[in-house]
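This is the structure, below, for whatever I ask next.
As written, the chain order gives the labels A, B and C, with residue 1 at the start of each chain.
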Amino acid sequence: MLQAINEALHGEMARDERVVVLGEDVGHVGGVFRATEGLFEKFGAARVVDTPLAEGVIVGSAVGLAMAGLVPVAEIQFLGFSYQAMHQIAGQVARLRYRSQGRFEPAITIRAPFGGGVRTPEMHSDSLEGQLANIPGLKVVTPATAADAKGLLAAAVRDPDPVMFLEPLRGYRGIRGDVPDGDHVVPLGAARTARQGDDLVIIAWSYQVELACRVADSLAEEGLSVAVLDLRSLVPLDIEAIAAAVDRCGRVVVVEEASQTGGFAGEVVATIVEECFWSLEAPVVRVSGFDVPYPVGMLEDTFVPDEARIAAAVRRTLETA
Amino acid sequence: MAHVFRLPDIGEGLDEAEIVEWFVAVGDVVVRDQALVEVLTDKASSELPSPVAGTVMSLGAAEGVRLRVGEVLIEIDDGSTTPEARPAEAPASASGPVTASPGTPAFRPKAAPATRRLALQSGVDLATVNGTGPGGRITADDVRNAGTPLAAPPPEPSAGRMPTPVDAGSSTPSTLGQMPTGRHALRGLRGVVARNMVQAWTEIPHIHTMDELDASLLVDFRTRIRSMDRPGAAQVTPLAIAAVAAARALRRFPMVNGHVEGHPGDAIVIPESVNLGIAMATERGLVVPVVHDADVLDLFAMADRIASLAAAARTGDLTTADLAGATFTITNYGSLGGRFATPIIPPGQGAILGLGAVAERPVAVDGEVLARPTLPVVLGADHRLIDGDLAEAFRRAVVDDLTEPLHLLVGG
Amino acid sequence: MVEARTQAGRLWNLQRQGQVGTLAPIDGHEAVVAATAHALDPEHDWILPQYREPLALQRFGPEVLEQYMLYNIGHPDGSRLPPSVRVAPLQISLATQIPHAVGLAWGMTLQDEPGVVTVFFGDGSSSEGDFHEAANLAGVLKAPVILLCVNNQWAISTPLHQQTAAETLADRAIGYGMPGVRVDGNDAAAMFDAVDEARQRALDGGGPTLIEAVVYRLGAHTTADDPTRYVPAEDLEAARRDDPIQRLTDHLTDLGRWDDEARSEVETVAMARIDEAFERAINQTLAPDAVLDHCFATDTTRMARQRAALLDGAR
């Protein structure tokens, strides 16, 4: 997936000279994960900027760049550090269009990796997508495949609204797949059916889609028909795709890595109740992280939903009379 | 014209202020922005300037008094004809994005949403279904196997919940008469049936008058109609013909269309309309949809209406209105076989007409015993309202029309 | 300056009459803001205000007053300025506009657009992290930005000596690698010179300047504040004697370029203009679904449904 992200950045910078990449270590080193590799050499110091260590001004100056008519793509090294910039993200980026009544177009993309399973130090894996989704004016996008990483990032950069582009840390090297060459754009707000099925649908995003697919495949060997819906965008949410999947299957499991209370899975469940209540054969089940801060390494595997937990929830839901 | 200056919220969420000192008195001439009064709030002491020029008409409160935000501070005659100046107000807010939450009734049978929809479409009241799922939950199969749905609309307890009088509890052939040995709590469908039967049987003193008519002409009549090249002809059944006959008889004898209220009885109600409840057997059980204003329908219209209701009953599309308002019921118990029966009158009605099976039986004609098709007919009647002579007369009227269907064409 | 003060007085009264929302009076800041506006080029230069400045920024266009009145009555149009006016929307979240200013200036240089960005903020804001991060970045990027700190001695009730231990706010510039200039903000001419010089430096590629304009807050922090509770009366008295409008009045009168009649005329015109602007503002229409406008470029599915429901309710 990492190369797909890199390809997308190269593509967008070549396509639109207004695109400026900024963040910590994004220039000379090409990013701590090499996501921005080669950009500095190709497009120069004016457009690929190693900023001082200050998330607040990375995001705040991106607002100013957007006001100047440029298209900034800012990187926050780990999503957990976006707290340092939250006042600019929630209060300024998300509201630039609103506060100026459309005078300024906030074509800002903020990229950040998140998610666990790789034994990072504190604050490096936190899943904040639910909190971000509750900020009006902010789009939240989470690719689950390499091809989508390229296509969705291209769409995000071209979008006139601000986009939080959340990349799965575990997926950088862990998710592989075919990526179309050249210009490849996947529209925001359209979910993807990752697996077809009739008995139950697992709704997931980011790395959890990969796990959900593995669970669906293994259950298929037992004759169980389990679908997987990859949301791709949390905001804007593809309500119709969710409704269609649930109407078809009648049973749902929603998976997220974030802590359960207030997590985005709750929004998905509320949407299902509003849209497809009469199709439900069983209660909707959430598989989430526990309501505790993201834990230390030894406890990480307990916290993060894995295939076993997902499969257990699927079985339980299928067996509900 | 008075400009009414009400105490504004000058401090972000204050709700009252104390009048410290008035700078003007009634009758004073003031200019715009002239200091009128000093008020004291939790946050600050402030002078309030006049919004208009004019003459002071009245002061809203004396010094030392606490005024609430929105109360009148001062009235000034500004000589204009416009009403008091409004502060810029936000437009009335429509309700925000809210999903309605219906109230929950006291007793809720447990069933998944999909099962509920199935029950809704089948016209099955979940309260009458025995749940075989975990914790007594009602499953989709339970709904499909459910016996008698309601004859009358569920939300009206006074209308009575009368499933078919005779055919209550029709079950699939494999389960007919089956129950494990032992003692079972009488609840669910059987419980509802039991309660309804007891109500009808104890509150309505039934008399039944029966007869068997020579159905030769009826059968011939029907055969000839069905062979007509006319749309709707195929729908004309003996039931439809009987319905027309019954409607005519009810118009002739309005008391039979009526019913008694209360137990043992407070009032007799004679309704304006003739609404025939037609008991029908469907896959899902028995339903009794209603042909409203049956007396104005001619034979083809009646047959068409009954056919439409039957179709809707089969697909589970009967509405509450379709099931409501019957003043008289016809039950074709003969469809199960059977010659004579004692149908039970649905509470809220005064009589019921039962039709047995048309079959070849011995009939005496001019001293000879011949095999003729005959139709057994029974009228059940509420003896509080209908005595033997009326019951007899009514039944005979119906029998006459069925014996010679041409009567339906000539009236009388 | 006179216009600003006159109109500010009227606005204060409007607030006390319940006709506009919370306001921050400009009293004492007129010279700082007006002189700055005159030292800049409205065609190319940008101003990012905080919230106290608009009445003295009218050189950048009559729309500034129009929009300010709409803003004060709470109408969403108050946040919109036509593309020809280079004044950003008011910022309530302190110091957040400073990184924006740096980004904007930086963006202009990347596109070879001539012009400088001037951002207003107060002594209190200079304590916020955003100020420091932005100043630091401005220095590194050599962004053509003027960081204009209006030190009016008070952050609501916090006096300067409790706000910082630094001798002067201008000294902070050293830490960020840019010149720091301390100016008497009540001297309109000195203000003009300081901004002009900083502007020239920026246009010549010399990078940012931190200007500390020293004034005194002659009015309340906002209409919700009662300064008599914490501002020593003698200090306020002394500050009043240094009133920027009075100083310029005296100076121009001595030069024979100003008199009471001239003042009266300015005041009359100013009052008429604000009355007209207020009248227009309160008659501005508001669509029933305006609440949903300008969040995204296009509505999401859910927003479209919310909008339809709103319009339905309005019918």
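Some observations on this one:
Convention: a residue touches a chain if its C-beta (ideal position, glycine included) is under 8 Å from a C-beta of that chain, and two chains touch if they have at least 3 such contacts.
Because the structure is predicted, anything quoted here is derived from the model rather than measured.
Taking the mean of each chain's C-alpha atoms, the chain whose centre lies closest to the overall C-alpha mean is A. Counting contacting C-beta pairs between every two chains, the top pair is A-C. Note on chain placement: the centre of subunit B and the centre of subunit C lie 67 Å apart, centres being C-alpha means. Between the CA-based centres of subunit A and subunit B the separation comes to 51 Å, rounded to the whole angstrom.
Rounded to a whole number, the gap between the C-alpha centres of subunit A and subunit C is 39 angstrom.
Residue positions of subunit C with contacts to 2 or more other chains are 302. In subunit B, no residue reaches two or more other chains under the touch definition. Residue ranges of subunit C in contact with subunit B, taken from their complex: 9-10, 13, 15-20, 22, 73-75, 220, 223-226, 228-229, 281-282, 286, 288, 302, 305-306, 309-310, 313-314. Subunit C makes touch with subunit A in their complex at residues 76-77, 79-81, 83, 88-89, 93, 96, 98-108, 110-111, 113, 117, 129-130, 133-134, 136-137, 140, 293-297, 300-302. Touching subunit C in their complex are the following residues of subunit B: 5-12, 33, 43-51, 85, 87-88, 90-91, 94-97. By the touch criterion stated above, subunit B contacts subunit A in their complex at residues 99, 112-117, 133-134, 137, 139. By the touch criterion given at the top, residues 250, 274, 277-282, 321 of subunit A touch subunit B in their complex.
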